[in-house]
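Both of the next two complexes hold subunit A, though its partner changes from subunit B to subunit C.
And then the complex of A and B:
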């Protein structure tokens, strides 16, 4: 009886041990992620336009104000278009680049290092340099276009080109970054599988389609979800290069929230906008999870 | 006997303390050997407690150096630590720090149209009792009024401003055009005609080596407001909130059609990011004319430009009214500062003579807001000969129908949204459509102040 009780006590102690190991990570997660999000939600229910003494509870007032604002809906549309284009584009290009970088040829490590160079440069520096390169009057890109007899392009000054230019710039950084994850995944696939497929007469596309893709499914899911979150909260290139313009064509929600809070001092409105962005991110990530889970099932 | 045993923790405390003390002792400057004992012990002077004032500004320490040195000499119990930030970071930090109720900075530079928004939010200390009536009377009435919110002085005037037409005389010679005289005032139409002739693209790559003209603050309402006002336009309604029916009217459309043409049709002004044109275009000799502030006079002199330069008056539209910009930097004290006495002494020093004179002559070179100093520009022999004479021309120009920016609690939103709008027009957007969008955006933002 005593032995059984001791076993029971040990078993119940053992039950708690995994949670103890998780505790430090959870404390950090709570302090730096969950608590600020909760504080942000609380903030979204107050107005900060007035002085601290006159700070008042407005309930859903900030949300109502944002939903009435036509600029918000335009920014939301731009943010969704931006995400719908950027995430699949970056994921597909990163996968393609990883397959290339996974080839067993002499000097491939040099190519891999070159591909990774954009990742090690700060996004602020990258944005500034691209801003100079793409300058309408003095930029190098336009200099090259003119040499080939092509017309000068406005790039970041045109409402039709600015968003696509920013997608290009962040993909220049994003594609090699996400490539690293795919490359790690590719190198984890046993070579024997490809050899067996080759013996069975599979061509390169069939090997990719029926071996590589299924075995990379989890990594694809991870990359797509992480990329979605990163791009939904993209800020620096917009702040540095366009400030939401021209004609609000790059006014992503994250930048709009920043401007509302830190330029205009409307912290309540900014927090409300961030909450909306958080909900969009949560829904998108949930859909992506479901999509990959159902395929696995 | 209550004998306490030395525990391991006690031992650690003692040994750590000893180590820290040894390290500190090693780092400390060598102590001089004690001097021979004086015959009579001198009465020890009570050590004076020095208070440090944290001041937030956009100017680097070297710009502030002489002003701070004079202040500290006159106030041995005070020190000033200047925290310099870039233009954008400056306004954003104020938003974050003052909104959070931070006790620092103790004092800050206040761009004068932000007096109302900061006053509305209760961020600045009332300064009514800090100044004597005589000191208040020395400020320009317009500056005193601009620093007052709901009857209280909350930002003390330091500087005011005007704008002049600066030109590169060599470019005019090359184009075979006579530049305007120092008391002559061109119309915008005359300026557009000359600017096109002053734009040179000699290598034919589509990018001129010499641009004809640009506004120094190319998308800021401060610099552009005189254009619609010259045509009878008004920047905001009398309630300080309404823009519908004001910034979408014919004078605004006409003025910004001119502005759009400058960049897109006549192409005498560059599009895109040009930084601060006085630094990036005018002084390097790549710009024939700019409407710019008098702070450029000293900067041009110091830069030893390799071309002859001159100044003329602020342009106006043919048949319209002459209007010039005004307003500049004031200084305020944080309402939450814990050093009220020190902060207000610094504020008073910078905004009155002799501090204001030191700041004008050795600091920012912004135009002083003190009548006694403006008078010095008229009488000081330093300003009789070119190039310092340009200061005297500017002092006179500052009296020609200066129009302040709108007084509104929503100035931050107003300025930022109009900045976006001017940027779009500059890059080719339709004028009417852009101004209508600006109306919608500003009206939506002003709603929260209509309570």
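And then the complex of A and C:
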């Protein structure tokens, strides 16, 4: 009897211990990650007067206001073009770079270290350096173009080129970043598979197509989906380099959300924009997910 | 006849052998060419930034336009930009702020995440799957989504421009919880049982048995947490507009806007901001990459 009781108390204190270990982390996660994500939906239904710490309910008013705004529709179009180009481009180039970095040649680890540099440097520093390199009047890129007898380009100053320039700059980071995921995946493929294929007379392309690609399918899906989410919420390069310009040509939705809240003081509109962006992200991810699922069958 | 056949075969054999060798060589040359080409794309911008930060301001673009190799080396070497940056622009302040931010995050988030990771790895309890699912879910929600609602809450609590607002939200890190769990799950049960039989409390088991053998994951988690804060931008930009609380990335970005003509100083700030992560990651490359990649592969 006494023994059973001791067991019982021990078991019940045992039951508390895991929760004590979890408590601090979960208070943080709940307060700063989960609750604000949910609160975002509520805040989007109010107008806010932050200086007076007041808010008033406007229902779908913020959304109606956004949907009537031609700037929103322009930003939406820009964001979609941007996503449709950037994500497949970065995923494909990252995979190609991973195949290259997976070659067993002497000194490969040095090259891999070099490719890590854009990944560890902040996007702000990257944007700053590339902003100067792409300067119209005195940037290095135009210096090189001129040497080849080509006309100098306005890059970030032109409404036709700015978005593509930003895609280029962020790919300087994104391609090596996602490459690391593919490289880890490639290193997990047993070398014997490739050797067997080579004995059977498969060439490099065939073994890539029939061994590498199918075995990396899950990582490709992961990279494409994560890249989509990351790029939909891209902010720093736009803030640093163009502030949405010229002529709103780089006014991606994320930057527009910031601008509404922190330049125009419309926090409710800003929160509403974030919710719209979240819905777009969810839809895109779902579509990509289904695409990969359907191909698996 | 037979002789000529033999010669024929031998000839074909050597020819095939030759083409085989030369094809492998060609392949290797192409591989090195591509590897080098991409390295140049990575290194040239960084070399220019580095060189230009050690160049007098009116010389920054001198060898760039038209381009010459001199652009990649500080031919007119001076530390003027760094001197101005630290002694006149007060760049030490953002650096000190970011170090405080980084180290407090490593310690506080390291401890809370390790405890949670341990609970997920070593205990069975009711609701475990649901709670772990929540951790994985928060991974999926990009931090930016929560920042504007969080800013509304923080400003309503009058916490804008405080260390609390700057540090505390960054402590919630589901990736690090996940990494700790993955590591702790591999620790042999015997070691833990032995300590438990000796009457050690769970906290003691955690602190004196588990942590000392967890150096790899501690390095990975510290690197990710520290670099996450060193490179963080959006949240500090929103919540700490006060120059006294300015962090490195915000300082660099404002410099791009405000000092559009002090290029060498702007680049000196960028070099400092870039050098810290480079010097931290290169010696611990394996740990860093495994931490980043771990989130995508182990599921």
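In the analysis below, the second predicted complex is superposed on the first by the 258 of 297 C-alpha atoms of A that agree within 3 Å, B and C clash if a C-alpha of one lies under 4 Å from a C-alpha of the other, contacts with A are read in each partner's own complex, and residues count from 1 in each chain.
Methods note: a contact is a pair of C-beta atoms (placed from the backbone, for glycine too) under 8 Å apart; a residue touches a chain by one contact, two chains touch by 3 or more.
Just so it is clear, the model here is predicted, and its values are computed rather than measured.
Ranked by how many residues of subunit A each touches, subunit B and subunit C are led by C. In the superposed pair of complexes, A:154 makes contact with subunit B only, with no contact to subunit C. By the touch criterion stated above, A:190 is placed in contact with neither subunit B nor subunit C. In the superposed model, A:121 lies in contact with subunit C only, and not with subunit B. Look at A:31: by the touch rule set out above, it reaches subunit C but stays clear of subunit B.
Applying the stated contact rule after C-alpha superposition, one finds that A:138 touches each of subunit B and subunit C. When the two complexes are overlaid on their common chain A, residue A:247 makes contact with subunit B while staying clear of subunit C. Once chain A of one complex is fitted onto chain A of the other, the partner contacts of A:68 are limited to subunit B, with no touch recorded for subunit C. Contact with both subunit B and subunit C is seen for A:267 once the two complexes are overlaid on the shared chain. By the touch criterion defined above, A:146 lies against subunit B and subunit C together after alignment on the C-alpha atoms of chain A. Of the residues of subunit A, those at positions 48, 50, 53, 131, 135, 137-138, 143, 146, 261-262, 267 touch subunit B in one of the two structures and subunit C in the other. Subunit A makes touch with subunit B in their complex at residues 47-54, 65, 68-71, 131, 135-138, 143, 146, 152, 154, 156-159, 243-248, 259, 261-267. Residues of subunit A touching subunit C in their complex: 15, 17-19, 21-22, 24-26, 28-29, 31-34, 36-37, 39-40, 43, 48, 50, 53, 97, 100-101, 103, 105, 108, 111, 113-125, 127-133, 135, 137-140, 142-144, 146-147, 172, 176, 180-181, 184-185, 188, 219, 222-223, 226, 229-230, 232-233, 235-236, 239-240, 254, 257-258, 261-262, 267, 270-271, 274, 277-278, 281.
For subunit B in complex with subunit A, the touching residues are 91-92, 95-96, 99, 101, 117, 120-123, 205-207, 270-273, 412-413, 416, 420, 423-424, 427-429, 434, 437, 440-441, 444-445, 447-449. Taken in their complex, subunit C has these residues touching subunit A: 28, 31-32, 34-35, 38-39, 41-46, 48-49, 61, 64-67, 71, 109, 111-113, 115-116, 118-120, 123-126, 128, 131, 134-135, 138, 140-153, 155-156, 158, 168-169, 171-172, 174, 177, 202, 206, 227, 230-231, 233-234, 237-238, 249, 252-253, 255-257, 263, 266-267, 270, 273-274, 277-278, 280-282, 285, 288-289, 292-293, 296-297.
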